[in-house]
Each structure stands twice: as C-alpha cells, then as structure tokens.
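What follows is a group of structures, each given as structure tokens.
Here come two complexes built around chain A, the first alongside chain B, the second alongside chain C.
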Partner chain A sequence: MASKQVLSPLPGVFYRKPAPDQPVYKEKGDTVAVGDVVGLVEVMKSFHEVKADSAGTISKFLVENEDAIMAGQPLLELDG
Partner chain B sequence: MGIRVLSPGLATSVQDLGRPGYYHLGIPISGGMDRFSLRAANLLVGNDEGAAVLEAVFLGPELEFTQDATVAVTGADLPPKLDGEPRETWAAFAVKAGQVLSFDFLKSGARAYIAISGGIDTPPALGSRSTYTLGALGGHEGRNLMAGDALPLGQASGGAAEGRSVPAKLRRAPGTPAELRVLTGLYWHRITEDSGRNFFEDTWKVAPEADRIGYRFRGGQPLSFVDRVPPFGAGSDPSNIVDSCYPYGSIQVPGGTEPIILHRDAVSGGGYFMLGTVIAADMDLIGQLQPNTPTKFVSVDMAAALSARHDRAGLMQEVRNALS
Partner chain C sequence: MAIQRLLIANRGEIAVRIIRAARELGLHSIQVHSQADRDSLAVRLADEAIDIGPPQAAKSYLKIEAILDAAQRTRADAVHPGYGFLAENADFADAVEAAGLAFVGPTGATIRLLGDKVSAREAAAKAGLKTVPGSQGRIEPGEAAGALAEEIGFPLLIKAAAGGGGRGIRIAHDLAEFERFVPQASAEARAAFGDGGLYIEKLIARARHIEVQVLGDGERVVHCFERECSLQRRRQKVWEEAPAATLSDTTRQSLCESAVALAKSVNYRGAGTLEFLYDEATGKSYFLEMNTRIQVEHPVTEMITGIDLVREMIRIADGEPLRLRQEDIRVRGHAIECRINAEDPLNGFAPDPGQVEALNMPGGPGVRFDTLLYPGYAIPPFYDSLLGKLIVHDQDRASALSRLRRALREFRIEGVKTTAPLHRALAEDAAVRAGEVHTSFLEQWLEREAPRLAQYGEVDHP
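Right, the complex of A and B next:
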C-alpha cells in the first residue's frame, strides 16, 4: 500500500485538538476521508484547520502537538 | 473587467507603496511590507513602481482573470501556477481571459507580491490604495480579500514584456539566521549593560503572532531595567515610558520579555520604551520572515545605517536598469 503525507499549508504552531480541553481530531490508526480536519495551525493570531487532501489510515504523526512547523512540512502519514 | 477571487488565501490584501503623511494622526503608513519586491513586480509587468498589487502572506489566493493581462510574482518563493501549469517567480508571464492563477505551498519567505499589468484599480483613500484592515481603510472595501470579490484593473501601459525576469543576483532574501541591523535609541539607557549585550548576542525566533502591525520575537533573555522612580505619566512597569511617538521600525519590549518591531500597519504612539530602530534598509526583509525563523539583531551606527540605505537604493536602481 502506498503511503501518502498530509502537508501543512501554513507555517506556525500545530495543534492536534480544537481546544485544550477537547479530544484530538484524529488518532493513529483512524481512517481519514478527503476534507477531514486533522489539526489546527496557529499563525497571525488566528487558527486555521488543516484538512486531508487524500483518504487513508493514519500510520504515523510526524509532528507533536504544539510543535513549530514550516509551510509545506509533512504532518502525518496515511496508508491506503 | 479584471480579476475574480475564487479563494482568498490567508490574508491577501491590496497594497501599494503606502500612505505616508498621516501617521501623526494615528493612521499608519501601510503599503507592502517588502516594498523592494513590490516595486520589482510592478516593473516586470510594465506598471509604475507604486501601482497597487496583491500582497499574499504564506498562502496564495486563487484568481480567475476576466481579461488578458501580464502577471509577475515576486518576494516569497510561492510558486505560481496558471491553469495548474507551473510558472516562474520574479518573471513576467502572460495570462488569458478565463485562466486561473493559483499557488503551490510556500517554499521560502513569507509574502508574495502579485503584480498585474494596469495595476489593481480600487479607489484610493487618502492618496493610497493600500489596505489598512484595522481602520477599514483603502484597498478593496478596507479589508482582506474574500471569495467572490471582483477587482478592477487599470489601463495597462503596454510596456509589459513576457519572459522578462529579475536577475537572481538582484533578488534579496533573509539569511539563516536572519540578521536585522539596529540603531539603538533614546531609551537605551533604561536597560542594564548586560541586557543590552544579551539582546544582540541572543538568537531570537519570530513568534507566530507576527503580522503587518508588528513582528514579535521570542527566545532571548528577558531584559533587566535600571532602577528608577517612574516619571509622572509613565506606568509602574519598568518598560513603561511617558507616552511618546513610535517610529516605523522601532523595537518595543513590553514587560522586557518579547521584542516587537513595529511595521507598516503599526500604532503611532504609546507608553512602551523602545530599544532602538531597525534600519530602513532591513525593513523589507522582516516582511519575508516566517514564524520560527531564527533572527539576530546586529548593532550598527548611523554611518553604517546610511551606507546600507545607499546600497539598498543602488540595488533597486540595478533592478530598474535591468528591466528598462
């Protein structure tokens, strides 16, 4: 099975949850459909949803919650 | 006739060289954060250097052209695509009515300048088409672009030539770490000698909040202030002063922790002390710093600042010569 990556469209800070007291959007092993939100990027005082541009099962997160990220950086890997 | 916004990007705005002359009334100078790139983009498409362009930050817009035009994208490496086909940055290319301009993910830098032959022809406000969003002034309805917006274009000069490009040696991008040259200022005496040394020795990082109003930095050591009795009118925090004017480029450090460089949409005055001012020649570079970019401040004197400004003007002249 081919492995695909979801890239961040924006630089900033990556969050896996919509808010600190909420569960993460997706866990490792979850299935993802095109357009599903997989995280948030905070930049210029606002938060932007990162959506999957392909479908599959999350095999690995490549960045941690609250990591500093650059535009185009791979966030997670999808199988299938 | 002009362009239609299919998707706006993150915060795409109409900008020209700015709106000087009203800062004393609290209206900032606005205009492109990287005016070198803005001027170059206009020259590539045969516009006056100060014509209005689109400034896109981090994420490009998707634009449908309703007329033929010549387009150039300068500044950040935000790869343009025309109907999905890649185009070069820092070069002029032809667009036909009905074609769609979009962008790949940002590769480096932060702000791209999209110049279109004829220029964006929104109504000027106080002598400028630049958008000042906090004041809802200028640009397209005083705000960043939204999907569905239609932007008019001015009359093209006819001087555009597709295929022209700015030679690579004349393009300028921040180094790693980025270096910003600083002239220390009136309030330098407020901090201890050790703090002053640390400020220039530490490596700072651009904070994610950095925007057109101010560029905030983190990661260096907090400043220590010289003891004082607060003067009448100043707050009790040692970083407070009696309210004063804030120059464009000045570096304030609220609470002594995170330096903020005031940029094109900044407030014009307030009660935070300023360490100094980033020299004119380096202000454009700030507009190209992504969040988390390591940055060093470098202390220079007035002679060095003026010499750098002279060199910068010379570089701009070389671009003009190359494209004339």
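Right, the complex of A and C next:
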C-alpha cells in the first residue's frame, strides 16, 4: 500500500482539536476523505483548517498537538 | 536612578521602543526571547538577551515563572511588560513586586480593579464619568435580564466581563436574539477567559473612538490629551491620530479632566489610557474601559506633546514624582499613525509571515517608523502581525496627511505582503481626508473599495 503525507500549507502552531476542551478531529486509525479537516494551524493569531488532499487511513501523526511547524512540513501519514 | 537593569518582558516593535528609552536613561537592557526570536531586532539591540523557551507564547512570553527566572538569572531590578502578553496580568505585576523588582506599570490591585469591566464601570461612575447605558454590573440570565435589555433598548452589545480586545462581543437586535445569544456568549466567555460573567450595553451607532492618555505617580495625575482611533477592522485599530480633530476645545477639556478624575480616584501609577465612545450626534462621551499599560498608538501623543511616555513610565516606576505639570503640557500640530501589518489586504487580510528581501524605510522631516524589521529578517509566524508603525507629525492635519502620503510612497518592502496599500488608499480617500469617520467606517469602506486596493500596491519609483 502506498503511503501519502498531509503537508501543512502554512507555518505556525499545529492543533489536533478545534478548541482545547473539544475532542481531536482525527485519531490514528481513522479513515479520512479528501477535504476532511485533520487539524488547525495558528499563524499570526489567526486559525486555518488543514484539509486532507487525499483519502486513506491515518497510520501515524508526525507532529504533536501544539507543535511549532514550518510551511510544507508533513503532519501525518495516510495508508491506502 | 535606583533602577539599573531593565528586563523587557515583550517582543517586537515595542521591545525595540523600550530598549531605546532604557538606553537614553542610562539603563542596561535585558531582552527575553523565545527560540523563534533569537534573531529579532530587539535581541540585536539590547545589551543582553536571555532565552525563555519555545516559540509558542504560552510556553515563553506568557509564562510568568520563566520570566521571573530570567529576571533573577540576569540580576534585573525592574520589568517592563510592554503591551499584550502579561502587561495587564495582575498576578504577574504582583509576582514581579514580590520578587523585589520594580514593575513598570500600576500595582496588581489597580490592574485587577480596572481589568474587570464591571468594577471599572463602577469606579468610573463613582468618579463622575458617564458610561454607555447598560447593566449595573453582571447580568443574571433569566427574565430579569430580558426586561433590562428591553429597558436599555436594542440593538445592544453582550460583552464578557473578563473580555478584552473586542473578543467575546455579540450584537442582539431584538429580545429573541438576546435570549438566544446570552447562554452562547456565557459559555464562550467561560471557555475563553475562565469566567462566564456577562454585561450588556446599548450600541451607539456611528460613534467615534476617542481615548485620553494619562500619566500618574500614585498621587498626582496629568493628561497628555487625546487620540482618535475610529478606523478599525474587526475591532482592531488600524490608523490613529492625535489630537481628535472633531472635538471642540470645551469638549476636549471636559473629557481630559474626567479621565484625570478617574485615574486620580484609583491613585493611578504609570501610563494609562481611558477609552471613550464619542457620539457626535449628541456630543456625549461614554467611558468604555481603562488600559493599564502603554498602548500601541502612544507615539502620536509623543509627537504632539513632545513627551517621551516610555521614559516617563520608567522614571515613575523608579519612584520619581511626576516631573510634568498639567499647564506645561501643550498640543503642537497633528500626528497620524498607520499600523503596517504582515497581512495581505488584497486577499482578505491573510497573514503573510515571510522573509524580508528588500526594505526601504520612510524618513525625512516629521517621520518616525517604529518597527521590528530589518533587511533579511525572517518574520516568525507565532505572534501578532504588527511589523511597524509609520508615524508622521506636521503643523496641522492637512499637512500631516500630505506628509503621510509622501512617507507611504517611500516605504517599500519585498518578500512580505503588508497593509501599506490599504493605508495609501485611505490617505487618498475623501471621507478620511475630511475626517468624517466612525468605528464601523472602515469595514463598510472595505466592502466597497477592497477590489480597488490593487492599484495602491508597491510603488516602483518612490
């Protein structure tokens, strides 16, 4: 099975949840469709949704919640 | 001076501003920085710099223990909080003083009193200031709140008692909306500020935002006149002026005196700003809130009064009595400030952190540019988008506007998109030039004019 990565379109801080007191968008093992929101990036105090650009099953998150990330950095891996 | 080593608990252009004041006073400046700010202009300019943690503000600039630890390790004897971050955190002010350091600002108790919107409104009423018609304090959800809302009249604003910076505000146009929004606003306020308390206020349409600068030493208070900041987008100020051209001398005097009365009634120490809504239709001013710190737009006041506010606030923190007498403070000419943000006004103001490739800073007579920029600087994505403030001063408003247009032509930056094109367009706009603006002016203007902004892009031949 081919493995694909979802890249961050922006630099900033990555969040796996829409708000601190809410559940994560996606867990490891979840299937995602194209356009599904997998996280948020905070850049200069504004928040932007990160959407999957291909479908598959999440095999691994490559960054942690609240990690500082660069534009183009891989966030997670998809199988399928 | 008793203070010798000043720690700057902030970043960006205000950190640069504070380092300059410290150096002019002969103080040793110590700049704290996150790991994303190692190459910042403030770090380059300060006498000493110290790493306080990861890029995320919550893990560095907002972390009280990290800053106190840095202060201890660098043997600082005073802390300047700047604006934003911990500047209005009463626990931080208390902790700095408990550690035996001077806090450049008011006491924790004053910050606490004025930081809560409800107790601030009560203090204002006691000092004889009018506040916008609204609840006498927190509202209790239920029928009584609905009856009170009908008595105040719609449209009205539902605000978080612990809110600030325009966050947690909703507009209700009728009772049905009011009853729907109250529980939502309360839940949001609890999530954002840890306090679900709400209060309500009448919405004043077409109001101007006018604010008065004060300086106090704990006993005596003077004012340094007012600023107008009516040009706002999403409740963030974009363009500020001093003085407010619309006020008559009588109105100006009574507004400034009422600001002094409130600051005196709380024995205010430091630099502070009292914000008012000015209803031009009736000539009435309503107190909104008091900010217990230096503000972004302080330079326009410095330009028209010749007073260095940052230097004065450090002297006050040193225990020196106020050296200014009210009768010595005079207005000379007119000043305008434009906030240059790393946002693309042609693309919905999307943030645009990036690397500065070419940079031409404006200069010449009556021009000041307070900035964090230098050629080659990589702007980190972790903090707010303010890159700098272009401030012009001239003998009157019309000449200040021409000077502003000239300075905006000189400003040129490559590698990063900024709000400079917006300011070029505003400086040419007939209503802005006539001073006919109010707090919703800019958002309405943007709906009409945004597509035309492209023609105000970077100028090829300044």
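In the analysis below, the second predicted complex is superposed on the first by the 80 of 80 C-alpha atoms of A that agree within 3 Å, B and C clash if a C-alpha of one lies under 4 Å from a C-alpha of the other, contacts with A are read in each partner's own complex, and residues count from 1 in each chain.
Following the convention adopted for this analysis, a residue touches a chain if its C-beta (ideal position, glycine included) is under 8 Å from a C-beta of that chain, and two chains touch if they have at least 3 such contacts.
Note that the structure is a prediction, hence the values are computed from the model and not measured.
Peer 1: Will chain C clash with chain B on chain A after the two structures are superposed, or do they fit?
Peer 2: Here the two partners, once superposed via chain A, clash with each other.
Peer 1: Touching A:Ala19 in the superposition: chain B (first), chain C (second), both, neither?
Peer 2: The answer is second: A:Ala19 touches chain C but not chain B.
Peer 1: According to the stated criteria, A:Leu7 is in contact with first (chain B), second (chain C), both, or neither; which is it?
Peer 2: In the superposition, A:Leu7 touches chain B alone.
Peer 1: So, A:Ala68: does it touch chain B (first), chain C (second), both, or neither?
Peer 2: Both partners, chain B and chain C.
Peer 1: So, does A:Lys45 touch the first partner chain B, the second partner chain C, both, or neither?
Peer 2: Both chain B and chain C are touched by A:Lys45.
Peer 1: On chain A, which stretch or stretches are contacted by chain B in one complex as well as by chain C in the other?
Peer 2: Shared contact residues on chain A (touching chain B in one complex, chain C in the other): 10-13, 43-45, 68.
Peer 1: With touch defined as at the start, can you tell me which chain A residues reach chain C in the complex?
Peer 2: Result: residues 10-13, 19-21, 43-46, 66, 68 of chain A touch chain C.
Peer 1: Can you list the chain C residues touching chain A in their complex?
Peer 2: On the chain C side, the touching residues are 36, 54-56, 191, 342-343, 350-351, 353, 381-385.
Peer 1: Quick check: in the complex, which residue numbers of chain A touch chain B?
Peer 2: 7, 9-13, 42-45, 48, 68-72
Peer 1: For the complex, give me every residue of chain B touching chain A.
Peer 2: Contacts found on chain B: 10-11, 57-59, 105-107, 110, 205, 208-211, 290-292.
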